[in-house]
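Common to both upcoming complexes is subunit A, partnered first by subunit B, then by subunit C.
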Partner chain A sequence: MLQLIFNTDFFFSILRITAPILFATLGAVVGEKAGVSNIGLEGTMMVSALFGSLTTYWSGSWAVGLVVALFCGVLVSLLMGFFAFNLKTDIILTGIAVNMIGSGGTLFLVKVITQQTEGKALASTTSLITAAHQIPSWNIPLIKDIPILGPILSGHCILTYVAFLLVFLTWVLLYRTPLGLNIRSVGENPNAASSVGVSVLKIKYIAIGFSGLMAGFGGAFMSMYYSMGWSLDMVAGRGFIALAAQAMGAGEPVGSMLSALVFGFAQAFSIKVSSKGIDSNLVTPIPYLVTILGLVAFALVLRHRVKKQHSASALEKTAK
Partner chain B sequence: MKKFAALLLALVMVLSLAACGEKNPPAGSASASGSTGGDEAKVYNVVYLVNGNLGDKSFFDSAEAGLAQLKADGRIEYRTIEMGGLDEDKPKWKDTLYEVSESGEYDVIICGTYQMPDFLKEVADQYPDQKYVIFDDNTYAGQSANVMNITYRQNDMGYLMGIYAATLTTDTSIEKINEDAVIGFVGGVDSPVINDFLIGYIEGAQSVNPDIKIDVRYTNDYVDTAIAKEYGLSMINDNKCDIIWGVAGNSGNGAAEAAYETGKAYFLGVDSDQELTLSSDLAAITLTSGLKNIGNSLIWFFDELDAGRTYFGQEVSLGLAEGGVGIVTDKNFATYASDDLKAAISAAEEAIKNGELTVDSALAEGGPDLAVQLRTEVQP
Partner chain C sequence: MAEEYVVQMKGITKVYPNGIAANQDVDFNVRKGEIHALMGENGAGKSTLMKMLFGLEQPTSGEIWVNGEKVNLSSPAVAISKGIGMVHQHFMLVPSLTVAENMVLGMVPKKSGLFIDQKKAVEITEEYSRKFNLEVDPNAKVMDIPVGMKQKVEILKALVRGAKILILDEPTAVLTTQETTELFRELVNLKNQGYTLIFISHKLNEIMEITDRMTILRGGKSMGVHETKDVTAEEISRLMVGRDVVLKVQKDKAQPGDEVLRVRDLEYVNEWGKKMLDKVSFSLRRGEILGIAGVEGNGQKELVDMLFHLNVPNAGTATVNGENILGVSQRKIREKGVSLVPEDRMLYGIAGAASIQENMIADRCGSKRLNKGPMFDMKSIHAEVDQLIQDYTVLCKSGSQRVDNLSGGNIQKVVVAREFSNNPCLIIADQPTRGIDVGATEFIRKKLVELSRAGVAVLLVSADLNEVMELSDSLMVMCGGRIAAYFEDTSELSDEVMGEYMLGLKRQTPEEVRRVCHE
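Showing the complex of A and B:
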């Protein structure tokens, strides 16, 4: 039984399931570092998924589609930033609005643009997109020939590798560049940052733009690799899972990647388990249960750490 | 930069206003009612309310085609009102229902889908002399004496799909088909209607091969194509399914994508002829589709009406006999099915039509338990 579940397919699928969540998670990480809670990731991903898919169809090139998906992600986020930072709307409400646009708005747009509908509320671009429009996978030379590791690591979509590469790049951005320092300082204490001449507004725009870029990647992954074409509400909560992963990973790129992987593991596990005939009603909640348990564990560890610090400082005081 | 952003914002607002502008109530229906009184064969005046838009190649188009057929035969005059399918359009659905009911010029008002019953019940109760037909819904069946509910026996259709899939899954002369007698089913949610498809599918498959294994998974979602794809991949890789029936709305297409990507399986469609709606790559591996023929059911309704039989205040469940459901038998079906298989399917169809064979239903009493029992039995 265990051998049947934990095979190379399984580990391969963990990476595939994690990738779109990881993109959005990185968006959430950078946003949160600058003190910007971007809960509109879900909607941004849907908009990017739609335009990425449609542009690929028109241009015949997935690269063009990807660029447009990224552009749309950034555009939607900047628009969100304009409302939140310049017009001073509540950023959570703005995020909710973006999520609604991601659902109802894309449906409206796809009907206006393609004049195609597929029954009731079920709209999709599935009739347009063929395998030739999809982002290709990459069999890594040499690595693909290694037993066990080869079939797990090789043969993924190019974007899957990009996702994990971006974890490293995000870490570099945050901790090894002046911009990263600014982002963190704006998140920690905007007043202090602005007192030393950092433009808080500019940094916030950069942060939300970056998170939009990540959501653009995530959206493109969804409609241009994971599924053939966009369909209504296809992101299906991955943008929200990403927020949980960001919180669980304490807002750090690597930690959040690990949390995203935990979610990917849980999802892959629930699918594998269901192949053995376990009731789907029992299997479906596993990923969400794992998320909740993870958050609880994180909170407990945090509390423990804070307590320890307290007692340590108390000891110090008494020692004095 | 700031100006640009403001401009962009204005543009978005204008666009959203334009979207609202569509919500004008359909004008013109207040025109004087035409005299509809015929002498011998009455020509019915019908209005068809679409709570979405035509062009879906499925539900609404099917009903429209049926009405067009009736009109061509000189049996009805009809008018179609497209009300839009968004949440924002919902108030319009009710307004339009009121409007056409108030006008009193239509013999029958037709609408459909699970989204309409609440509006219809409210309106129908206020116009007791107006006749209504609602298809593919039985929420308030029998509660209003002037409303007829048409539902579809998807279990009959599932039975034929089961025969087809169970026969092909061991036919290794077909490329991609393996020798294991395992087929798959991706359902939307574990609900009576989906299980109705499933029960027919299982019983049909068992009629061909009593030892058939069927991998049944529910996505618990009608929109998440990716998760359906994951399930499809697991069915193909872990349990060697080579034919998967997707009964999960848009997300069912994910199973088709899994079949395409692995190159080891085929897909069966549902509701409409998915060989026409999927892109060429996916259509090529779609062997057939189970159909709900809304149009046929409307023709059947007028046949009955002409024969003096009415079913207002009742729920009528249409199966193969009335042409309410069926399966696609051209294109890939014709290519892949042997003559024996075609004959077997026609024989089963005949047997169901003339009542020699009854397929169990998940909508009947004890149906949900039967579904659980059957799917445990066939679990690979």
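Showing the complex of A and C:
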């Protein structure tokens, strides 16, 4: 049984499944660093997924579709920023609105745009996307020939590689560039940032725009590679799992990537197990269960750390 | 002679939108290369005046000249470009960034046009650190460095941005004695290098030690400019805390009864390791109003917090009628008959969005007489609230009106109505008349006297010297977390004597202070 599950295919699927979560996680990481809680990642991914798949179909080119998906992601998030920063609505409520648009609004648009009516199945674009539209995969030369490692690492969708590359690039952005310094300072002490002439508003827009860009990648991955077309609620909570991964990874790019991998593992495991004939009702909740357990573990670790700090400072006090 | 001034503020008046005049026709001139003190009590308008000089606020009327040029300081960025820097009381630093990163924030040196040049940032920090003899560790994270070093980072931050005139807003408030000494040495050093320093403070000894001249503000008005060497500490204290208007309150002589509140050796060290309460001991008896005077920030707030379990002391005891009240829930404290009129009424006194009625019964909504089974007895609630509104002359349409729609004075009356009417044996009144109109002030003061004469023990904390001296039967002065003086009879006291104790020029012997324990 174990051998049937833990083979190279399984590890390959972990990376594949993690990629969209990872995109959204990086979006959440940069957003939170600037003090912007973008809980609209889920809905943003849905919108990007829809327009990505539609334009791919119209243009016949996945590249055009990808660009449109990214554009939509940024546009939706900037709109969210406009409501939250300029019109001073609550950013959580704004995020909820975006998620609702992502769920119900997209279905409405699909019906209007594709003229598909609700027959036996709900409207979707799955019939429009064929293998020819799919974002291509890449067999890495040399690496693909290594036993075990080759089949796991090679042959992924190019966006999967982009996702893991972006972990590094996000880290560089945050810790090695002036923009990253500004993002971190705005998130931690906006007064300090504005007192030295950093525009808090501008930085927040950049951060939320970046998170939208990541959601765009995630959405494109979902509808143009993973599921081959858009269907209702196809993102299935990945945008929320990403928020959990961000929190579990303490908001750092690499830590959050590891958390995303844990969720990827859980999801891959549940798919694998259900394909082995175990009731899917039993295994589908696994990723969500892991999310909850992960957050509890994270909270416990954090509390322990805070307690330690407190007792340390208390000791210092008495020493004085 | 006008050229010798680097800063001239002429006829500055600032009226806030809520109608409060923070500054009235203030002239403030600073000579090049001096350390100029801006003195005054809390609320005297020091901070407002300096906010205008740093471009955070704009004056309602008046002119500001910097280096002989009339300027319009519309934002801090403009002020910085004119060579003005400010070291805020609450540090404007990002804790998780390094000292060097904080230094260059907003003007980051780049390499390859894209990346932060960390080396350059450290170099800049080290260069300025050496040049001004302000020792900092460029690579340490700000959250790991002591407060004194944080302040140096703030000063360096202003200098690196080209400031020639530095405003220091109560820079010693968070420092230990050693750190203060060090800071003063550095400030004198800066002065010797030709920098101009404006030093906001209300601590007399510090002012006498390092400043050249001073401007004293009181109630938003300038009390004149003085050469530090020409004035005595006594004169300054008189100018700072003198009384203007005297509201007389009629009261009979107190007939103190049994001890109600007993506080012994209360100690508290705050989160920055500063001792805010140092062996505070006193007793308060029935039918007596014990006042606590003192410049704000000398432990009064902490003392009240401890007595109402808003904070936990490091050591000491406090009892009401022999029962412990430290670390006991507020409900239990109230059940022992303790009432609190909190300093911040909007935060601790009321629930703004709730109605007058709900606020007035908040402390007694579980009592039998207001309930019928599991439900409120609305009839008796209405009756009680209407009676309170009438007794305490709360100006409102009805008890169901939202409390935050009322004026400050009426909100305070709602608080007072609740706190005074639940049969207390001890009332802790913290700044009971701050920021409210004369009518409400007089009403609340009369009520306090009335209650105390009926046998309630009243602990009155107030920064308003007039108030504590008029209302109190006996009076303590707090300074530096300690009881600096105790006066059994307030009728013979003068402002000058009070000022000297408040500002730490004088201190009674422990034996004299011990009298307040009535042992």
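Convention: the second predicted complex is superposed on the first by the 310 of 320 C-alpha atoms of A that agree within 3 Å, B and C clash if a C-alpha of one lies under 4 Å from a C-alpha of the other, contacts with A are read in each partner's own complex, and residues count from 1 in each chain.
Going forward, a contact is a pair of C-beta atoms (placed from the backbone, for glycine too) under 8 Å apart; a residue touches a chain by one contact, two chains touch by 3 or more.
From a predicted model like this one, the values you see are computed outputs, not experimental measurements.
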item: Subunit C versus subunit B on the shared subunit A, clash or fit after superposition; value: fit
item: Contacts of A:Pro178 with subunit B and subunit C, given as first, second, both or neither; value: second
item: Touching partner for A:Gln3 - first (subunit B), second (subunit C), both, neither; value: neither
item: Subunit B versus subunit C as contact partner of A:Gly197, first or second or both or neither; value: second
item: Which of subunit B and subunit C A:Tyr226 touches, first, second, both or neither; value: first
item: Vertex subunit A angle, Cα centres of subunit C and subunit B, expressed to the nearest 10 degrees; value: 130
item: Partner with the higher number of touched subunit A residues, subunit C or subunit B; value: B
item: Which superposed partner A:Ala236 touches (first subunit B, second subunit C, both, neither); value: first
item: Closest approach of subunit C to subunit B (Cα atoms, Å); value: 22
item: Common ground on subunit A, meaning residues reached by subunit C in one complex and by subunit B in the other; value: none
item: Complex contact set, residues of subunit B against subunit A; value: 2, 5, 8-9, 12, 19, 51-53, 55-60, 85-88, 113, 115, 190, 215, 217-218, 220-227, 229-231, 233-235, 237-239, 249-251, 253-254, 257, 260, 271-272, 277-282, 376, 379-380
item: Touch list for subunit A against partner subunit C, complex; value: 172, 176-178, 180-182, 184-185, 188-189, 191-193, 195-198, 313, 316-317, 320
item: Contacting residues of subunit A [partner subunit B, same complex]; value: 4, 9, 13, 17, 20, 78-79, 82, 86, 104, 107-108, 111, 115-122, 124, 126-131, 222, 226-229, 231-234, 236, 267-268, 271-272, 274-275, 277, 280-281, 284
item: Of subunit C, residues touching subunit A in the complex; value: 76-77, 80, 88, 91-97, 101-102, 105-108, 110, 114-116, 157, 161, 269, 271, 273, 314
